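Everything below concerns the one structure shown next.
For reference, chains read A, B and C in written order, and residue numbers begin at 1 within each chain.
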Amino acid sequence: MKSAITAVLLAGGESTRFAPFTEKNSFILLGKPLLLWHYEQLLRLGITHVVVVTNELNDEYIKTIEVPEKLTVSYVTQKNKGQVQALLAIEKECSGEVLLLNASDYYADAGITTFLHGIDKNTIALGAIKTGYYFPGGYLKVDANNIVSEIIEKPKIGEEPSDIVRILIDYIPDISLFIEVAKKHSSNAASGYEEAVNALMKMSGNAKAIVLDKNMWKPIKYPWNVLDVAELLLSEMKGTQIDKSVVIKEHVIIEGPVVIESGVKIFEGTKIVGPVYIGKNTIIGNNNIIRSSSIGDDCVTGFNSDITRSVIGNNCWFHTNYVGDSVVGNNVSMGSGTVTANLRLDDGEIQSIIKEEKINTGRNKLGVLVGDNVRIGVNASTMPAIKIGSDSFIAAGIVLTQDIPARSFVRPIATGFVVKENTKAAATSRDSFRKVL
Amino acid sequence: MKSAITAVLLAGGESTRFAPFTEKNSFILLGKPLLLWHYEQLLRLGITHVVVVTNELNDEYIKTIEVPEKLTVSYVTQKNKGQVQALLAIEKECSGEVLLLNASDYYADAGITTFLHGIDKNTIALGAIKTGYYFPGGYLKVDANNIVSEIIEKPKIGEEPSDIVRILIDYIPDISLFIEVAKKHSSNAASGYEEAVNALMKMSGNAKAIVLDKNMWKPIKYPWNVLDVAELLLSEMKGTQIDKSVVIKEHVIIEGPVVIESGVKIFEGTKIVGPVYIGKNTIIGNNNIIRSSSIGDDCVTGFNSDITRSVIGNNCWFHTNYVGDSVVGNNVSMGSGTVTANLRLDDGEIQSIIKEEKINTGRNKLGVLVGDNVRIGVNASTMPAIKIGSDSFIAAGIVLTQDIPARSFVRPIATGFVVKENTKAAATSRDSFRKVL
Amino acid sequence: MKSAITAVLLAGGESTRFAPFTEKNSFILLGKPLLLWHYEQLLRLGITHVVVVTNELNDEYIKTIEVPEKLTVSYVTQKNKGQVQALLAIEKECSGEVLLLNASDYYADAGITTFLHGIDKNTIALGAIKTGYYFPGGYLKVDANNIVSEIIEKPKIGEEPSDIVRILIDYIPDISLFIEVAKKHSSNAASGYEEAVNALMKMSGNAKAIVLDKNMWKPIKYPWNVLDVAELLLSEMKGTQIDKSVVIKEHVIIEGPVVIESGVKIFEGTKIVGPVYIGKNTIIGNNNIIRSSSIGDDCVTGFNSDITRSVIGNNCWFHTNYVGDSVVGNNVSMGSGTVTANLRLDDGEIQSIIKEEKINTGRNKLGVLVGDNVRIGVNASTMPAIKIGSDSFIAAGIVLTQDIPARSFVRPIATGFVVKENTKAAATSRDSFRKVL
């Protein structure tokens, strides 16, 4: 089922709301960078040619990302911001039918399949979802048969032309024509792309909206969105694969689908509740519980940790921690007893400060977001949605209630105790307590 | 063995020293309110008619408490304070032989049996204990055969007429006569009852003291007394009853008598050390230890909790907590790593502030006392005997050293840390540590 | 293989840098005081007569230390400080060949064997190591055949006569002659001994340096050096010895060589990773991990503790603690959740303050050093290398960042929280969270 369609992955956006992480396309989930997940998905769906639009900052390492056999990938770099600029950049790389995708959005296989099955040859198709609430994006003006006449960008609340919100998965029957049209809108970085689609629709007669179940679409805008994509990828894991080199000690329980890579050791008393991915050479110590998570290579979870619904990078060290609904970068360690709070006391929706603005995360469970090369001391506590910048130290016992910039050292304000010498109280013997043992 | 005796349960007292809990009679222990424990015990001992004396505040819900088949219960409400007023209230509800009991005192089966066996028909019998130390209550003036001539209320220290202290379990051969006598003392709320007994003894010739082993008597005055009654009820559990719907995973150890109700799930690596009661649909997670405790319905203990010698209400959530010698109300949750300290550093007797007065609790092990609807954050610590009022929030990392009123939010005084930016120290790789694993 | 050599153990030094511990010779490791380990080692190597040089402070209890059958021990007390004074003290106790050893240095069996095999009858032999870095001690001036002409005390950096540093294990063929020589140097407490060796070498023609692998030599100067000796003793444990009275419950894993003494109980879910020593009647609770450690008699590890590379005295109580690379005295308890940090955040070399001077410990892993009779509350944290003096209390939640003198009470500076009453936020039901369980 080889498709004639070329997929264009728009990876030239910046990751400005993604701190403490740096780049979405190379972010590793379940052992593979996000872009490789796209490549494999497209290949699985019959697409064999991909064009990746990079920007000047990420171009170099995007080219280092592995490409599956049977897939051909071309790279082009967009010089200026905006999706319309990305279009102009691909002019020489493709022609004919094109599937345009935002590289930082990931779809369930079933979602993309629905879209591809919904395409009519020679008709523009625009992906969309129904949100059920106001969304500050592009709405589709459609008729009763979901035939689109116009994209209306950010209508006022109450003036939405429908409840159908556009997401960036577009089928363009003739990309060359579209690029020609787009050239006239190239000065509008913010919405030149949508203007071009509107103009193209006017020329071509009509377009089709293909409405996907909103659970099929997992965009990554904020760092916690990584959890959404990880959850999807974990849920799509097919069966259990445990490398034959994996050492599993006695009294280990493994339930549900898991992928456990070579060199992993799992010690006694531990339970793995799939879907779980564990990367190469990672050591899962005694009496751990690991649930619905992706853990990178070369990690050590030590004794007694609970890692739940989290994404952990490579080379991370834990020891008697609770890591819940959290995203942890590479080379991070937590001291014994450190806990990531993942619920507000009132169980309410958790907010996060992004670029000095308070953002609703849409989650009532969200732990910590930790950049690379961070050390957290013993018995510390991180509050929900706190972001810790890379290359930082957080001292023992801290209750971390605010975001921390990169390269910070967070320590107690002053010695939090008094020492009274020559106290008269004396430790008693505990012999009497032994009686009940 | 059906008895002609009517039991009168005096439940009209206020629970003014019982905060953060509200009402003793409806307090649920091992799945049943205290009053139902009384009903079942009385029925077990052959008593089939009970009169419950309520007050205007608790009358309504006391009437909602289940009554066992074969037991008939009448309710009367006392309008004014004092046990003598309770007597007057029951005038129309009973006649003949009566066993008068304080509903907030619970007895071992063997204790009540001793009392009932000790009764001589037609002779007043007064329950008592030997304390071994001064007790600010009523002392019995007795002869060598434990024939009582007088109750002496609160004698001065050194002037006690004996070492026999009265507790409120009285057998009255002719309750109507007693009530007649009591009417003359009805203006004395504090000790009109005892005056009436004294007068009755003068009329009837004599009364008998029945001295019980003091361990047979478990009065509930302060909130921690709940632990005493729970310990007694747990110790009286007959054998093990595990509902057939209970799910018990691998590597679970269950020792000693346990009652485990329907719908309970117990996960791997957990140990239950009886006597333990676990209510309906409660989930005991992985690697927990539960000892000598009563846990309510619909609770979740999460991963790695230790619940020991405690009473837990319904709908409580734990996660890697130590809850020892504690009483926890309904709908309470503790964040991961939160610990209830249950010993002073010097192992000394623990004190509590009740109505601004420092009270010796008589315990050297006592944890926390938590009202309903409380949320405690992660890595918090509660000091021994601390009372947390209902509907309160305690923030993460707090070391709670004082009682907290209902509807409070306890949070750190200020951000307890400084953030030094652009630190030069850098996280190193931990590869060298892997060698020893 | 009975040797004609008399061993002289110099135990008359003070333990001034050993706080919070008091005396090295009686410090118990793997169930025996250090001096008994010396006795057994010497006997194992064929030496049957030992002279112990005590001081006036430790003489009494050194004499109480058990002496193995087949070994004869004489005690002499040195009145003044200095090794040369120790020499003068033994004059009447021995003659002929003598092996002089510092009692606070312990050697691997292989180290002492190397030394004894290296001896030539009638030739002075001086033990030494190659450090590879500057060491503020005595250097040996040697020729190509390791023939020593002189000890040079504390040469300036760069002026060392060789890379061979003397350690105090000396073979003296004629102790009487040596003592005669030493008398002339008796006024120099600091280096009279070395002056005497130099003078003796001038008289006797020459001496031989016997260079030991530096890993064979474990001197105890600072309290953390106890860990080095314990590590050596553990590594020299021969096979596993578990007393027949030991109770081991289900699901316990025991790996590697262990010695487990009588009366020990080990509960379910626990793992012991040898080499480990566990003293009499100690209770290892559920779900513990014990690695590479020596634990004394009558301890209780409670639920969920991790004790790793540590030395624990008698009568210590733990409960959900991490104790790593730590030395804990007798009658110490830690509250639930208390953690000993054993790594700096930058993984760097850990320093300690000894007599107001900052000392490099030579370790990047080092936990806490706790004297006798100490109580630490719940959820406390101790920073690496912190010393807690005996008879002290450390309150709950403290992050202990400085050394604490004996008989101290460490508590928070002030109530670290505010209580806001009549908060409007309310605890919600957690029913919705149950769906995922």
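Going forward, contacts are C-beta pairs under 8 Å (C-beta built on N, C-alpha and C of every residue); 3 or more make two chains touch, one makes a residue touch a chain.
The structure displayed is predicted, hence computed values, not measured ones.
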| item | value |
| --- | --- |
| Shared interface numbering between chain C and chain A [over half = same, under half = different] | different |
| Cα-superposition angle relating the copies chain B and chain A, to nearest 5° | 120 |
| Chain centre separation in whole Å, for chain C relative to chain A (CA means) | 51 |
| Multi-chain contact residues (two or more partners), chain C | 251, 269, 287, 304, 337, 345-346, 375, 379, 393, 395, 397, 412, 416, 425-427, 430 |
| Chain B contact footprint on chain C (complex, rising order) | 249-251, 267-269, 286-287, 303-304, 319-320, 335-337, 345-347, 375, 377-379, 393, 395-397, 412, 415-423, 425-427, 429-431, 433-434, 437 |
| Residue numbers on chain A that touch chain B, as the complex places them | 251, 253, 269, 271, 283, 287, 289, 298, 300, 304, 306, 315, 317, 322, 324, 331, 333, 337, 339-341, 343, 345-346, 373-375, 379-381, 383, 391-393, 395, 397-402, 404-405, 407-413, 416, 425-428, 430 |
